[in-house]
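Shared between the two complexes below is subunit A, which has subunit B as its partner in the first and subunit C in the second.
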Partner chain A sequence: MMLALIILTLAGLLILFLGFSKIRNVLLPVAIVALVAAIFSLTTQQTFWNQYLTDMVQIDGISRKISLIIMYTALGLLPFFNLFKGRGQEELSDFLGIYLFAIIGSILMVSALNYMSLFLGVEILSISMYVLAGANRRSVHSNEASLKYFITGSFTSAIMLFGIAWIYVESASLSMVQLSGAATNMMSFGFLFLFTAFALKVALVPFHFWAPDVYQGTPTLFTASMATLVKIAAIGAFYRLVQLNYAVLPDWINWYFVLLILATLILGNIQAVSQNSVKRLFAYSGIVQSGFILMGFLYQSEFVDWTMLFYFIAYASASLVGFIVIHFVETQSGSDNLDSFVGLSKSNPGLALVLTISLISLAGGPLTAGFMAKIFMLSQSIQNNFTALALVAVISAVISMYYYYKVINAIYSKSADASWSVPFYYKGLLYVFTVITLIAGLVPSFLIGLIK
Partner chain B sequence: MDATLILHLILWPPLIGFLINGLFGNSIPKWAVSIIACLGPLTSFTGTVLAYKFLSGPAHDIPLYTWFIVEGSAKINFGFYIDHLAIIMLFVVTGVGSLIHAYSTGYMHDDKGYSRFMAYMNLFLFSMLLLVLGSNLVVLFAGWEGVGLCSFLLIGFWFENKEYNKAAAKAFIMNRIGDLGFLVAIFLIINKFGGIEFTSIHETLMEEGQLNDPQIALICLMLFLGVCGKSAQIPLFTWLPDAMAGPTPVSALIHAATMVTAGIYLIARMYFLFDYSPLSLNVIAITGCITALIAATIALKQNDIKKILAYSTVSQLGYMAVALGVGSYISAVFHLMTHAFFKALLFLGAGSVIHGLHGEQDISKMGGLKSKMKWTYAVMLIGTLAIVGCPPFAGFFSKDEILASVYSKNFWYFLVLAFASVFTAWYMFRLLFATFHGQFRGSEVKFEKVHESSYSMVIPLIVLALFSMFGGFAGLPELTGGEHNLYKFLVQTIAQTRFKVSHLFEYSLWGITIVALISIAYLTYRKYATSSKVVFESGNSLVSKIILNKFYLDELYLILFVNPLKKTGSWIINQFEYGVIDRLIRIPDTLIESSSIALKNLQSGKLSWYLLSTAVSILLIVLVFIYR
Partner chain C sequence: MNSAGVLILIPFIFSLLCFVAGKKWSSVVALISSVGSLFYYLLLLSSYNVKTNYVAFGFYYDWIPSIRASLSFGMDAANLLVLLLTQIVVCLAVLATMVKGNTRTGAYYGLIGLTHTFLNAFFSSQNPMTFLIFFEATLIPVYFLILNFGGPKRKQAVFKFFIYTVFGGMLMLAAILFYQSNMFPQLRLDSWAEFYQFKLSLKYQYWLFTAFFIAFAIKAPIFPFHTWQADLYSQADRPTLMILAALLSKMGIFGFVRFNFFFIQVVYDWFNYITVLCVIGVVYGAIIAWRQKDIIRLIAYSSLSHIGLIAAGTMTLTNIGMQGAMFAMLAHGLAVAGLVFVADVMIRRTNQHTVDSFSGIARNNPRFAVYFFIILLSAVGLPLTCGFIGEFYLIWALVEFKFYIGLVAALTLIFGAAYMLRWYQKTMFGIPSANILGFQKLSLSEDYIFLILVILILTLGLFPADWVGFGQFAYKYMNFIPDN
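For the complex of A and B:
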């Protein structure tokens, strides 16, 4: 794990250096090679229970798997950075370097064993993303998104530190593993703030207001990484934090989660219904999906781990496709409004097909990964006696169908302008993600086997 | 030879033909479609000949595999059964079927849906074979539904025409009413006998069957309801005349020779059950009588050449039903066979006439075609003589046998059938003379264009004409001193005693038949062939008006069943569906929509508001957990 982090850091620095020396064409290959090498080093690592840097980070089963999912997602998105090529290479080298640092932050976050390293990971990731959100310097929206993200992020960090401080006051330790029996009131108070900070980071209702604005303003490719990479990292770190402390947390903490889930599923969905911007729609979609994933927080069992990981993969593969298609449509028509998608099936059938499958998967339509992910999550809840919650989740999924199918409806509406095309290698990558979605939906046991 | 091998040889070729033509029919040349389509029935026919030649013993039970199991009672095989009855039916189905396939290659050749047509025909033949060969009621039912589906597809073959689609739907729905009875009968049989194999039902009946058992009576009546639908008996016969919307080969194969006789076959197949219920046999006989008479009466006044033949088919099916009803099953099968020959012949002949006249079906616009279509005229003459029962054509022997056997059981049934016979002779001679004799009643130009049909159509006609001439010799009455070979053959399957009538009756029946036929032929010839101005019925008097309108049966059904159902349906959709269900469903819909628009305002875009609401939320949560 340390090797992976070192590789990525060096590669990030190298790319920044290459950017200075105006060597243009090797930037992307360097990033890809570095990421593949990092994935390789983490995959081949034999001992899983290693603690590094005097108990600051620990690579265990779950953190290793989440890190791998993050890196694969990042790898899937990397080739699309080629689209920035026309815009001057300093920018490309900056984006790539910062992107790699964001990955480092994510990995650090999900494998932290100490609040210090956790906070460090969160900050590395966040600051990188603030920059990327404002990547389009000439656009007012991009600047606005960056600023909003930055201020909300600072707010989040403050709350997080506040929570950590309470815990530290009580336990006199920054270790994330609390060995004492039940948490005291003060400590629970600290956890409440810490969790709320994560709810802000993940964008759960009612802490989600920033997300649609930021998602919309940010250049779409970076929105894609916000919605997938950052979200998975945040939820993963959150999950790990809960998992490590599950034994000592007070009972009422479950009610806190239930409240968040209910608010997210109901309000998130309802707000999404009247959206006309597809990008914002995907932002809400991400919010609601996080609500679903949060259902895994309510109980600890060996099944929850792979259910969550399965959900991550289902969500990431569908969401990536969605954002990338939005990017292409946006560049083509200049807007991400629903109107821009009308007639896509005629003007670009390939993109229409992958977007449709991705939307069906997000809606939880059968034969797709999203369906199986939701099924697993719901059956876990029911088995653990959260039947009413599962019911609400199902109803919310039904409501969500409405806005997903609104987009599909637009895609297959009649009117079509002149057809346009997308380079085959981008399309090929989208097909690969779609195939993953379908395989996970058709033979879930195959993917579950891989996860385990 | 192995029975299973022969079974496969008979059963599957039409299905293979259907699959090839159905899937690739549009991408292979027409001559290949023709060959593939005709090869299926021909192979089946060869298989039938082999079965007749080489299969010894009374019956061959071939359970291919267990299809499904009814929990707690019956194991249902995908099984087949070849016995003497099945072989006779196979000869009819594959023999006539092959000829009509060959005819179709000529008749339908220029239709744009040619390959689709041939595929449907093959599928029909496969379903019919399933029906005939099934060793239990469920396999038979599968075939029964299959032929119903093909009938639907082929009646509505020219689906651009809305009327034709309606006719197809009518046939399908009327059959469904009958099928419901059939299904109920199957369930009752499983319930009562614990199995649906014909052999096992037979055995159980032999052991513990009681005469007049009400349960058996109910089963028989339910089966007969199915028969009424498929074999066009009153009250479910009105679909058959409308079914003439399909191409003529379809009318010949499905709606005259094979499918409509499936009901007759079913009763003959289940004769042992019906023997236990004299009540239901009487119901069958009476229904048959009424059907035979009413259909023959309606046929008197029709002008559409195919409709006349359709009503004639209904009437002849009535004859067969009466024969079944008096327990003379073999006579019914005999008539089924000869009827298949001459009615297929008549339909194909009519098709040749329609083809020659470029789609004209109204006999009041024909006349004098004798000179233009010699072959067609000759075969139509033979067909007419056969159906009216003129010795020594096929229809004479089978009809004579039915009349004699009915006379031996019940005089009144006999009287009704005799009347129907007179009507039959009248409308058939009318058709023949009005079509081929006298003057052509259309324009000169049209007459010039009349042509004889191609060889692919004429040759099957000649073969069928030969069968219509000599097919009756399979069952010579004892009066002639000949052998009733068919009886000898079938009695191995259908254990039925031969009826007895006096020689005097037989002689007088023949005499009366011949005298009546000659006089009717004379009268109709004078009316329709010699007079320069032929008068066709217009419905002046009340009686002819009623007959012309087919006894107002369609209208009656419309008032009694169709309209009330339609009204109920439209009430449900207007009042309940739109009024109640739709409104209920729209409640959450509008609720979400409006709350979504309201919540949209929360997302103001102002960062200060976001942070404020976040802070307030945190505060609330903290308060809740402090004062929990």
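For the complex of A and C:
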């Protein structure tokens, strides 16, 4: 754990300094090697310098698994940073360094054991993402996205600190593990604020208003990391916070989650229906998916952990493919509007195929990862006697079919566009993600075994 | 080697081949695949003895142990006939594409192959989870088939179909998950038998049956849920439509056959309401079919009418009704596939879609007229054709159960004769109109398709005893389950 953080930090700093030397070819390999080394150290559970972590950060079963999922997702996205190399103005070293810091922040978030380190993780991640959101300095939209993200992010931090303060006043400790009996009213109030801050970070309705704008303005590759890395880290940290404090939380907290889920599933879907920009559409899709993931919060048992992790993997592999394809289409046609996807099946059949499969998976089409993930979540919530909620979720899944359908419909429409291609290594990576989606849908027990 | 798994694997492997085979060879590959699976199925059929064991050629895979979901396939008395129908109709549909000037791509045949795979898997499913997965999965290749190959308004049509069916499928998903979580500690839901043994309290059963009913009623379709049907049928590519009309509509009916016995009390309580819906479909479909000018829409509404009757038959939960429903699925599948192909022959030659634009075809093409007539007789349900046997059993069961409902349902025979004969009369007899003059003779492949259909229709109509008998075994098996 400690070793992974050290490797990533050193690599991040090294890359920032290498940026001065104008040797751009080594930057990406350094980042990839560092990330692989970090993954290796986490997989083999190296205990190097772990004694210095004491009770600020703890790596346990669930946080290690979420960290690994985050790192694999980041690793999947890293090779695509190569796309920035050709564009003179932008600084690859800055992006890579900051991206590595964002990974550090998310690992810290999901394994925090103290509110201080939790807050530190949230801030490291957020500040990195503010910068990445404004990466395209020349674009007004990118600047706007960065500013919007920064303002809502600061707001979120304020609410989070406010909540932490209330908890601290009552328990006189910043430890995330509350040992004594049931929470007092004051403490529950603090938790309410803390959870609301997380809902803002995850973008759950009604705290989602910033997400579509920010997603749309941000350069698409960073949107991909926003939708996967940040979302998984935020939900993971949220989940861990709930899990650690489940014994002391008041009963009505479940109803708070139910309200959030209902609002997210219903309003998120309805707002998604009228979107014409595919990036905004994916933003809403991410919002709705996190509503589904939140169903795993309703009851804590061994069963819960892996359903949520499975959902993470299904969601990450599908939406990563989605955003990367959007990036390619956007650079080709200059816009992420639905019209630029018309005829993709003729002009670039490979991308059309992977995008279709990932859309089917996001929509919850059978024999894909998304379907299994949704089944696990639904069966779990039915088992915990939230049958009506499951029914609403099912109906919302039908509504969501509509907007995924719109994109698929556009892809397979006829148009006279000339064909264009994407380098084979990028395509190969996209195929790898697609195969993961399909394998997770066809042989889910294999993946579940890995997760466990 | 004798396993239902192989029956699913054959079309799957060949469908993958089709995707890469290219325009020239993919149709041949698809034909090999469908004929191969037909013969493999006949092989299975010849070594199947329904009296000694009910479920045969089982293929079991412990899919997701953590939620106790398994995939299980097999052949039994209930799915035997409909599996036979699947193999035959897919064969005919592939054959129907192999005409002069065929521009269908490899993707088309690949998708047909995938549809075939999923249909085989669906019909041979031996537990609710498998049933559900493939109920939903069938939608995907069909969706792309129509989205990419079809009429000008296909997008709206397929969208309507898609949303309707997905809605039903999701309701069923929720119901099955509810079932599974309630029986979680006791059973694994590995087979239909285990599913039968577990009875929830009646209060839940009403809700669950509603979910299942809506899912199947949309797929079949039954009266208030039918609005996607005519639009979709008129936009689909016609060989696809053969599969769509003959097999996909049977998925809903097959669902009733499988699930009605789980909800004996509910079906019994609601019998009047449900059968009234079905019978409304029978009469309403027939009346609209009478007024249709478009040939394909006529077939669509006649299908609605017949499906309503079959669905009402499954609701009687009697031995006769069961036998009738299962045989009628086969008979209706053959007849409707034949009718669609007749329409295909007519439309492809003249590019005219309405009944009025044809006349006097019989004078040039007497052979075509004879084929058409035999298929039509079966669709109408006249004696000596297989259509008659099915409808006879169904009406018998309904009359026995509720006389008036049976009486109204029997109108389907009269109405059916009316609109079908009108179609036949207008197009076949009279003075040949201008656009009929170039009506070419049937090609070899077309001749084969008609010949196969006509032989099947007449054989099954003349010697139905053994085939109808399978329904009896299915009924017996399902009825061993204690009532709650």
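Note that in this section the second predicted complex is superposed on the first by the 441 of 452 C-alpha atoms of A that agree within 3 Å, B and C clash if a C-alpha of one lies under 4 Å from a C-alpha of the other, contacts with A are read in each partner's own complex, and residues count from 1 in each chain.
What we mean here is this: contacts are C-beta pairs under 8 Å (C-beta built on N, C-alpha and C of every residue); 3 or more make two chains touch, one makes a residue touch a chain.
Since the model is a prediction, treat every value here as computed from it, not as a measurement.
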Touching partner for A:F155 - first (subunit B), second (subunit C), both, neither: first
First (subunit B), second (subunit C), both or neither touched by A:A314: neither
First (subunit B), second (subunit C), both or neither touched by A:L355: neither
First, second, both or neither for A:I39, with subunit B first and subunit C second: neither
First (subunit B), second (subunit C), both or neither touched by A:D213: first
Which of subunit B and subunit C A:V202 touches, first, second, both or neither: neither
Contacts of A:V422 with subunit B and subunit C, given as first, second, both or neither: neither
Contacts of A:L367 with subunit B and subunit C, given as first, second, both or neither: second
First (subunit B), second (subunit C), both or neither touched by A:L267: first
Contact residues common to both interfaces of subunit A (with subunit B and with subunit C): 402
Residues on subunit A engaged by subunit C in the complex (per definition of touch): 306, 360, 365-367, 371-372, 375-376, 378-379, 382-383, 387, 390-391, 394-395, 397-398, 401-402, 405, 408-409, 412-413, 443-445, 448
Contact footprint of subunit B on subunit A as seen in their complex: 147-148, 151-152, 155, 159, 188-189, 192-193, 196, 200, 206-207, 209-210, 212-213, 252, 256, 259, 267, 270-274, 399, 402
Contacting residues of subunit C [partner subunit A, same complex]: 62-67, 133-134, 136-137, 139-140, 144, 147-148, 155, 159, 162-163, 166-167, 170-171, 173-174, 177-178, 180-181, 184
Contacting residues of subunit B [partner subunit A, same complex]: 592-593, 595-597, 599-600, 602-603, 605, 607, 609-611, 613-614, 617-618, 621-622, 625, 628
